[in-house]
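What follows is a set of structures to go through.
Next, two complexes with subunit A in common: one pairs it with subunit B, the other with subunit C.
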Partner chain A sequence: MGAKAEVVQPIPFKKNENKALGISLQDAMISRVYMIVAFTALLLGGFLGLFQGLNRAGLLELPHWLNYYQILTAHGVLLVVVLTAFFTIGYFYAALSYNLGGLLPQVRKMAWIGFAMKIIGFVFAVIPILMNEASVLYTFYPPMAASPYFYIGLTLIVLGVWMCAFGAFMNVAHWRKQNKGQNLPILSYFATAVFVLLFFGSIPVAIEVLTLIPWSFGWTETVNVMLSRTLFWAFGHTLVNIWYLTAVSAWYVIVPKIIGGRRFSDTITRVVVILLVVMNIPGGFHHQIIDPGISQPVKYLHVFMSLAIAFPSLMTAYAMFSVFERTARKKGGTGLLGWYKKLPWGDVRFLAPMIAMIAFIPGGAGGIAQTTNQLNQVAHNTLWIVGHFHLTVGTSVVLTFFGISYWLVPYISGRTLTPKINKLGVIQTLIWTAGMLFMSGAMHWVGLLGAPRRTSYTTYFDNATALSWNPYLMFLAVGGTLLIIGVVMQVYAVFYLMFRAPKGKTEFPIAEAEDKEMKTPYWTERWGTWIVVMLLLIAMGYVIPLVDFIGNAPPGSPPFKTW
Partner chain B sequence: MKMHRSEIIWLTISFGMLLGFMLITGYQTFALGMGPPSNQETIDPQKVDQTAPFDNPGLKKVGEKEYEAVMTMQIFSFNPNEIEIPAGSTVHFTLTSKDVVHGFQVVGTNINAMVPPGYIQKISQKFDKPGEYLVLCNEYCGAGHQAMTMKIIVK
Partner chain C sequence: MKQSVFGLILFFFLMLPPVADLLESIMIFHMHMQMPLLIVAGFLMGKFFLLRFPAFLEKWNEDGIAGILLFVVINLYWMLPRTMDEALSVQMIEIFKFVSLPFLAGVPLRDSWMKLTTAVKNAVIILFSFLFVGLGLVYTLSPVELCNNYLLKEQVTLGWGFLTMAACFIVYLIYTLVVDPSKYE
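Then we have the complex of A and B:
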């Protein structure tokens, strides 16, 4: 019955166990190292976040050798690029290995080369940040100009990600050749989608950065500010949606297994994935709703493009409720809300992603609201936005990742989840939830009152309005303090499960589809077609603005170092 | 792919809701003229001081209770850094940046616009309630970003 009982029963680990069931040591090593980097980034980034929160509340004065914007740049890069990218790649490489009968030797090699490129790139990017030569935040809008090495580092990171994407494509292609006419296993299907988006989504930022490198070296004189900004958001928005899609994969595939049920219709799941892939990149424009240089009709078209992406998420909402309902009924739950009692709330592998999903209800609703033009004007660049993405990325995505870690880390380490760590995880989840309620709640509220984002502690020369924000900022600091406790517990759990937990066998929890008797139509596998559709939609969204920004460009801007 | 009736109902409602958002946004933008600031004029960002009207920034009366505020934004200040108008006036802001990207936000109103160098941004607002309005830069622009502010006094 309860999935909880299953977690806490360590199955004795036998050295000569059939390898087909477990993961090969070489494949496991890739995912383990990626996880170590991801959670180290969480630890560092979390502390920087705490410093920011305390500073904004006026509780912490930063030393002059470490300013707010330097910290904010590092916090953004560590958490929304490093933590998420390394987790996603580690998780999906484990899934590919599990689903497709192991990674090909050359794919493993590519994963390691990609790893090295990302780490070298990261070092290149971090040194200028530490030296205060790149306090440009993770969006690095020109004409603020960082040290060229910052941009070179970013380029290497992108190339490293591409390496991993190509590796995934090769493994998938190999499997398809050997299993003609079959549908790709579902988690590998999600992985393919994620790597397709990672590749195409980072092309715009690669182009941007390639224009910034010669400019920051002084080899070219000026840069096209609006073109850069637009290329950045075509990437930046896609990136956070990729992390979301990664979390969604666990909601559809893993969570049903953990509660002892079946997953939602395989065909509809794949349709949701396709929709999320083809409609994603044009959504980036909603970051530029109050920019000049783009006509109102074009902005209106983009309201459509941004709202469209909400549709597959609403499909997901239905799918999740349907799975909970059915599973609980099978276990004897009755009544309208009877399912609620039949779910394994004490199992962190369920609790964390469940709260993540619940957080996406207000998170998604806030997103729908702020993407419509006039409401955006109220929220843009206020702390509301920061509240929004700590709810969506910082809670929906990150809590799902935490939930995954409690079985994935033991799985790739040949260990098991102990009842104690399960309990630690449950408490961690509750602390994280409370912390985000305080922090994100306060950010949303004070943002509506007008408090700007990306601004260190200020009263605007004792302005009465600005002073009235202080009580809310205090709540922000309280939330941040709770969160850092959560960060420390989570990182401890990951390292314990990797190096100290009892040895044993952990299952890779993939649920069977409720309609597994029916063959999923093969058109869902036509990635070539979906990529063409995606490119057409991107063209619809971006050709007019890009032509305009290039064709009607004002004289460009020279580099500025304003910090 | 079999869909349940309840799923079809749910998705129809979802679709209707999104369509509703579209229609309201469209109505506000095109019928009520409430669209987001989207001016398309450009300017040489390195010659702002020599280019009209920014060679002479300040508040200009253009009609009965109607003003144009020509303003430049630069690290870390607004020029002019204070304007005073009678209650009930409408102000048309004409803005540009002399260096990096700035943001123009008037707390307590819906004024919120990005001001990247090279573009002339425009936004209008009627100020009915007397008082002192806090104006701030809401796009990170450098080490003094948190001090970039000005006032609008409505009498």
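Then we have the complex of A and C:
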């Protein structure tokens, strides 16, 4: 990566821009606590991941009181619900506070109530997992039934998230009344989009869970399995795009500032955001390509819905590389590719999101492959899928979050990033990259050879095919071991930056748009209209399968405990 | 002008026999995908007509009312079960569908919408909300097949399609009623 020559002194940005306002102590407290929870979840979830990886390679036999599926449930819940939700909310609340002149007092209160609801919900969900009463994995597909308290916990988490979403909407509405006719600052614009998706995307799962609670209590006898799965993925797929949109916000807005450039066209950025919000929810069907009960033509048409998301993603890729090239050339980079040397590879705040973006190239390509009917038959429910999301969420999204943490945590703590921690971060990023190359690479490959996901170690009575997976699973374990080193370093960096680093002012790095002289058209601000468009597309996507699942439902299923 | 070209491409794409076959094979795709897309194609191509025949449109569609009425009538016509059936069995009617929806609904919509006052726009949306609720009830509750070409089950699906769309319109109307844009813009 040609890095060494050019270790950038990480602390100051160009000083003339964005006078840092500093964040009020009360607003900072919210983001700080959310970050603490997020990175604690990373630490716990990471160790559980390591145990899984070692188990699958046949290196670790789990004790009888802790089974593989229990751990896997906790790993999934901790990393894709707790880590991502808390990071996203903490990050965007800091952005709202910075952009909009502080949070309103009642919004702050809502963020805390939301926090309490999520934590209580989390406790409700974790206790049954620990008692092996909820080893249903984070997708909790019926007819597997967990203890009802697990579902009650999930409901509370959803309600807590809604609290935060409404808080954000109130703050934005308040700002817009005070600043008539102006465009919302870009990062708050992303925040609005993310909270819109969080709210509307979690409605389906809330409905699902409300049917599962009476069922697992035994008050109702059966549940409609296909309906539940569909409602789950309407949410699950949206959640994926929420992470993605959060990461993308940093790529568009933060990264250009860190490399000393300007961000891509404001109008196009907002159009990408609108597209991602509007087209999102019906994409959920690509998780159900193998499911029965959906006719072939309907599945076929849903491939379009799913691929439509590739379009804003490609626009993003174009925008990013255009910003990099322009900035680096301005700094004197020459030649077809020589400009890349001018980028600050030694600055973790750039390096981590940059590798995240690069990882999204194979990640996105794999996603496009999976979403086609025939290839999905090969990849479905194999370790390929697990490799895919460790590359997309576990690398593209999470590395971006890590990169953000190196300025966000100091910013909300009134401290500064030291060169030492920067170096630690660079090494952490490289370790994470290597670990994921091993782990995700091995998962992809062995998945194509047929190794199933969500299966604790077994040789299937020394079946030859199953034995042939072993070498790859060993690579998986090696990758997992590297990753846990990365986890520990990252968590250390976050806590150091929050409580130990030297005091000082850190800037909130927001780049100016390259077309800032041009006024962004106001229709990009009409969220009410965009939400209606989104609802129309959801209606179009879901009417056929839902009418079918409900109108022609087979007998429902009673609850099963399969573990 | 680019828009008009996109509209033309979309129009031809929808005319391709496999595309038309796929979309017409399922009742709700026929009415809620193919037909609206034909209108969209016309809407995009409308730019061309706007540039080409401004005087004509100015004269006949000065305040947009004539155009929107034509749009409504054509839409009403194609929402009848009978006409969908005919489009599938009578070649001439199928051709009429591919001509009327883009050129007699899409183009006039393009020319009219911007000329209409907010009150008329909302009136049009209210009209379609009522219409969709009514048709939704007809299609979901009818105990018999209304189309020879489609099963009862598909008809019920289409009915729910109407009801959910109507719900979206109503959400929009409530939004315009409750939120006063002058507070924000």
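Please note the rule applied: the second predicted complex is superposed on the first by the 543 of 563 C-alpha atoms of A that agree within 3 Å, B and C clash if a C-alpha of one lies under 4 Å from a C-alpha of the other, contacts with A are read in each partner's own complex, and residues count from 1 in each chain.
Just so we're on the same page, a contact is a pair of C-beta atoms (placed from the backbone, for glycine too) under 8 Å apart; a residue touches a chain by one contact, two chains touch by 3 or more.
From a predicted model like this one, the values you see are computed outputs, not experimental measurements.
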Exercise for review: With everything superposed onto subunit A, say whether subunit B and subunit C fit together or clash.
Suggested key: fit
Practice item. May I ask you to decide whether A:515 touches subunit B, subunit C, both, or neither, giving the answer as first, second, both or neither? Key: first
Check your understanding: Does subunit B (first) or subunit C (second) touch A:123, or do both, or does neither?
Key -> neither
Practice item. Considering only touches as defined above, state whether A:547 meets subunit B (first), subunit C (second), both or neither. Key: second
Check your understanding: Is the number of subunit A residues in contact higher for subunit B or for subunit C?
Key -> B
Check your understanding: So, does A:176 touch the first partner subunit B, the second partner subunit C, both, or neither?
Key -> second
Practice item. Using centres of C-alpha atoms, tell me the angle at subunit A that subunit B and subunit C span after the overlay, to the nearest 10°. Key: 70
Check your understanding: Now for A:59: first (subunit B), second (subunit C), both, or neither, which partner does it touch?
Key -> neither
Review point. Does subunit B (first) or subunit C (second) touch A:361, or do both, or does neither?
Key: neither
Check your understanding: So, does A:131 touch the first partner subunit B, the second partner subunit C, both, or neither?
Key -> neither
**Study point:** Touched partner set for A:539, first subunit B, second subunit C, both or neither
**Key:** second
Exercise for review: Could you say whether A:210 touches subunit B, subunit C, both of them, or neither, answering first, second, both or neither?
Suggested key: neither
Exercise for review: For the combined overlay, can you note the least CA distance between subunit B and subunit C, rounded to whole Å?
Suggested key: 10
**Study point:** Overlap of subunit C and subunit B interfaces on subunit A (superposed complexes)
**Key:** 300, 552
Review point. Contact residues on subunit B for subunit A in the complex?
Key: 1-4, 6-7, 10-11, 14-15, 18, 21-22, 24-26, 28-30, 34-40, 42-46, 75, 99-101, 103, 105, 107-108, 110, 112-122, 132, 134, 136-147, 149
Review point. Any idea which subunit A residues touch subunit B in the complex?
Key: 67-69, 135, 137, 141, 143-144, 225-226, 229, 265, 267-268, 271, 288-296, 299-300, 303-304, 307-308, 310-311, 314-315, 318, 322, 368, 372-374, 376-378, 380-382, 449-450, 452-458, 460-461, 463-466, 515, 521, 552-558, 560, 562-563
Revision key, fill the gap. The residues of subunit C that touch subunit A in their complex are 22, 25-26, 28-29, 32-33, 153, 156-157, 160-161, 164-165, 167-168, 171-172, 175-176, 179, 183-185
**Study point:** Interfacial residue positions of subunit A with respect to subunit C in the complex
**Key:** 173, 176-177, 180-181, 297-298, 300-301, 522, 525, 528-529, 531-532, 535-536, 539-540, 543-544, 546-548, 551-552
